[in-house]
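Taking it in order: structure first as structure tokens, then the write-up.
Note that the chains are named A, B and C in the order they appear, and that numbering of residues resets to 1 at the start of each chain.
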Amino acid sequence: MTTSAILQAINGTSLAALLFLVASGFTVTFGLMRVVNMAYGAYYLLGGYVGLSIMQATGSFALAVVGGGAAVTVFGYLVDRFLIQHIGQNHLAQVLLTVGIAFVVGDVALKIWGGDSLKVPVPVSLRGAMELPGGMIYPTFRFLLIFFGAAIAGTLWLLYTRTQIGAVVRAGVDDREQVSATGINVDRLFVMVSALASFLAGMAGVVGGAFLTLYPGAEWEILIVALVVVIVGGLGSLGGAMIGALVVGLLDAYGRWLLPEFSYFVLFGPMAVLLLFRPQGIAGREA
Amino acid sequence: MRGARLALAAAVVVAAAALPFVAGPFWMGLVTQMIVFGLLALSVDLLLGHAGLFSICHGSFFAVAAYTTAILHVRHGAPTLLAAPAGLLAGTLLGLVFGLAVRTRGVYFILITIAFGYVVWGVAHRWSSFTGGDNGVTNVPFPAVAGMRVESHTEYYYLALGVAALCALGYRVLIRSPFGLALRGIKGSESRMRTLGFDSNRHLYAAFVLSAALASLAGVLYVYYNRFVNPVAASFPVSVEAALMAIVGGSGTIVGPFIGSAIILGLRNWVSSFFELYAAIMGIVFIAAVLWVPEGLVGLAARVRGRAARA
Amino acid sequence: MTAAVEIAEVVKEFGGLRAVDRVSLRVAAGERRVLIGPNGAGKTTLFHCITGTLPPTTGRIAFFGQDVTRLPEHRRTALGMGRTFQISNVIADLTCLENLMLAAIGTDGRKWVLHRPMVVFADVRERALAGLELIGLGHRADETPRRLSYGERRQLELALALTARPRVLFLDEPCAGLSPSERVRISKLITDLPRDLTVLMIEHDMDVALGLADRVTVLHQGRVILEGTPGEVQTNAEVREVYFGHG
């Protein structure tokens, strides 16, 4: 029994790593630029599919990851520049616009890559399983994903808390006017942060596509779970996204194991509790 | 001006009543769907246009009502007089629970309703033993009360039309009532309303439950028309489209959501007949609506009229 | 006699900043009390704590002897608090008449009626119209505040607070941003208010403040530095330095 419990913990944590990649971009983009971008799930899917094609063409997983991320960065930039920037701070409009973009991406992806569940091939060196302390066998790729996610989270955290750019972003999340006052080029900062967020989402697609598979509809499933992460952790908070990802990842793993038919219900629990006592999330500020 | 509007209204009423005499089952079916989804859009607009809350989970109430009615009929042989009200009640009860979301505002509210909506979709999708999973519940019988059955497309069309008309009248009374005015006040400035003595959370909660009830009614109408229901009814696209219908047609009005429903469903029907990627087209409609027609068609018409009057 | 408003040792902290630092006040019923002080003295924050817009960090607030410290804003309004905001806070998309009808019905059970149109309640409409006439905007009843000048919107703001029939009126810089003639208008409106209505006013303009006040409380950096008659305050050296020194 405990072996299964630990197994689920690892499952949950590896999922959390993936969720963090998608959620962190969403939450920081909102915190800094007050943009709600519902196309992040589509970015994930697009990155995954592009990475898959690159993998099929070159056989290099590293190239696929970077390429998937880069493709989404470019796409995301175009969306920002030509569409999102035209609608300002209106959240309703942002939601509708980005949902529309997600519909378009999803449908075009369906046409190009088809409707079957596709798996990004795991690189040969990472295939198979490894033995963990205690004699448990666990797929190597998924296990290493945890470290990959932790490394990204660590790097982002360092960037956020220890660099000057990070300080400016943090100040900007707090108070947008402060940022322009420091003389930093606000537009360029926004573009950079947005690009990083898109890159992470695209990368997540390739990595996620290796164990979760890619299929029409995956863009919404990952977005919703990422949204729960953001709600639980608090909009605009990077630390909150980390905590939220862990909470949601573990709940999802245990939920699927113990109550498979009601696993979505398990997601509902922390959200409802949070709403009752702390509507702004674990680390968010007053709405 | 008033004469022209009255004439227009009269023309619409006549056209609506006469439709079955000029249109075949296909078109009547399409218009029936426009009415049903127009009701759903209206329920979303009660919150959006009058209370300032953008809810994207109304597909949940719609679906829960539909599933409840369907399951009661198909598995328990319940009569319409039991199944229909039960469906309405079930969706409204869910509204009482999801209404928790009104403790938040702005973006949080939007995100939480999205997540709530997905929970319902997920349960419909995964709890196959009860909901039938992706196949849903099929073979819902025709609605029948006291031996009278509503069978044909024509009969169902008049039923939907009648229900929608009654709802529209009730809605009209609601938005002109003190409660409706209070909602619009809260939408305008919640802080001001609180200092005037209004408990804004309570008002918003009440509005949320009322809108859930209206969405549930649309769900019951839907399941009798469709004769089946599956998780798609609770899906995110359905909820988001309901909001878009309200916006495209004209948020804050009574006819706007119905006009929006007609446009969206009509467009989808037309496009899908010759183009495969019609979801992409819908996406483009979303984008275009946001960029160019934010005040909706009714608003646009008002703007055009205003310009014409000044000219 | 019970004070209309009595606050004891109210503190309001934001992070590390004490906007209101242990302020105690006692305002008698029917009194005209003016709060003055330089910008950032904590006057508006103090108002927010008393009316319930913000919860105080510590301290006690009593309204006609009743402890209202933990009571939500809308309940305090039901007890008789009315306020205006420093920046006009009217409902822009509703007509002036609708704005005032909401004010009239705010503490009335009829606000929950959803099956009869508002027009049926003639008394509500009349009260709202009377409120508009009082501030001279009766002819703009069916227009929205967007069409009003800034001064007219300030007047509407005042009418909103008055229509709710408060026992204590909290005015936050009612004359801010107004032309001299508009100032005279508003001052007269305030002076003409019935004497059984207690008025607490934040005012930056010394002349208006001293002309209207029975007593004056001077705030500086969140603390009360003096309280007295207008004459006492005007001649006090510390006040002059704090107030005029900061311009």
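Going forward, contacts are C-beta pairs under 8 Å (C-beta built on N, C-alpha and C of every residue); 3 or more make two chains touch, one makes a residue touch a chain.
Everything quoted here is computed from the prediction, not taken from an experiment.
Q: Among all chains, which one's averaged Cα position is nearest the averaged Cα position of every protein chain shown?
A: Closest to the centre of all protein C-alpha atoms: chain B.
Q: Relative to subunit C, which chain's C-alpha centre is the most remote?
A: A
Q: Quick check: how many Å separate the C-alpha centres of subunit B and subunit C?
A: Comparing mean C-alpha positions, subunit C is 42 Å from subunit B.
Q: Just how far, in Å, is the C-alpha centre of subunit B from the one of subunit A?
A: Each chain's C-alpha centroid was found; their separation is 32 Å.
Q: Can you check how far apart subunit A and subunit C are, centre to centre, with Cα atoms defining each centre and the answer in Å?
A: Their C-alpha centroids are separated by 48 Å.
Q: For subunit B, which residues are in contact with subunit C within the complex?
A: Spelled out, the residues of subunit B in touch with subunit C are 173-174, 176-182, 184-185, 187-189, 191-200, 210.
Q: Which of the residues in subunit B end up touching subunit A in this complex?
A: Against subunit A, the touching part of subunit B is residues 48, 54, 56, 100-101, 103-108, 110-112, 114-116, 118-119, 121-123, 126-129, 236-237, 240, 243-244, 247, 276-280, 282-287, 289-291, 294.
Q: Looking at the complex, which residues from subunit A come into contact with subunit B?
A: 30, 36, 83, 86-87, 91-93, 95-97, 99-104, 106-108, 110-111, 220, 224, 227-228, 230-231, 235, 260-265, 267-268, 271-272, 275-276, 279-281, 287
Q: In the complex formed with subunit B, which residues of subunit C make contact?
A: The touching residues are 51, 53, 72-74, 77-78, 81-83, 85, 89-94, 98-99, 101-103, 105-107, 110-119, 121, 124, 160, 164.
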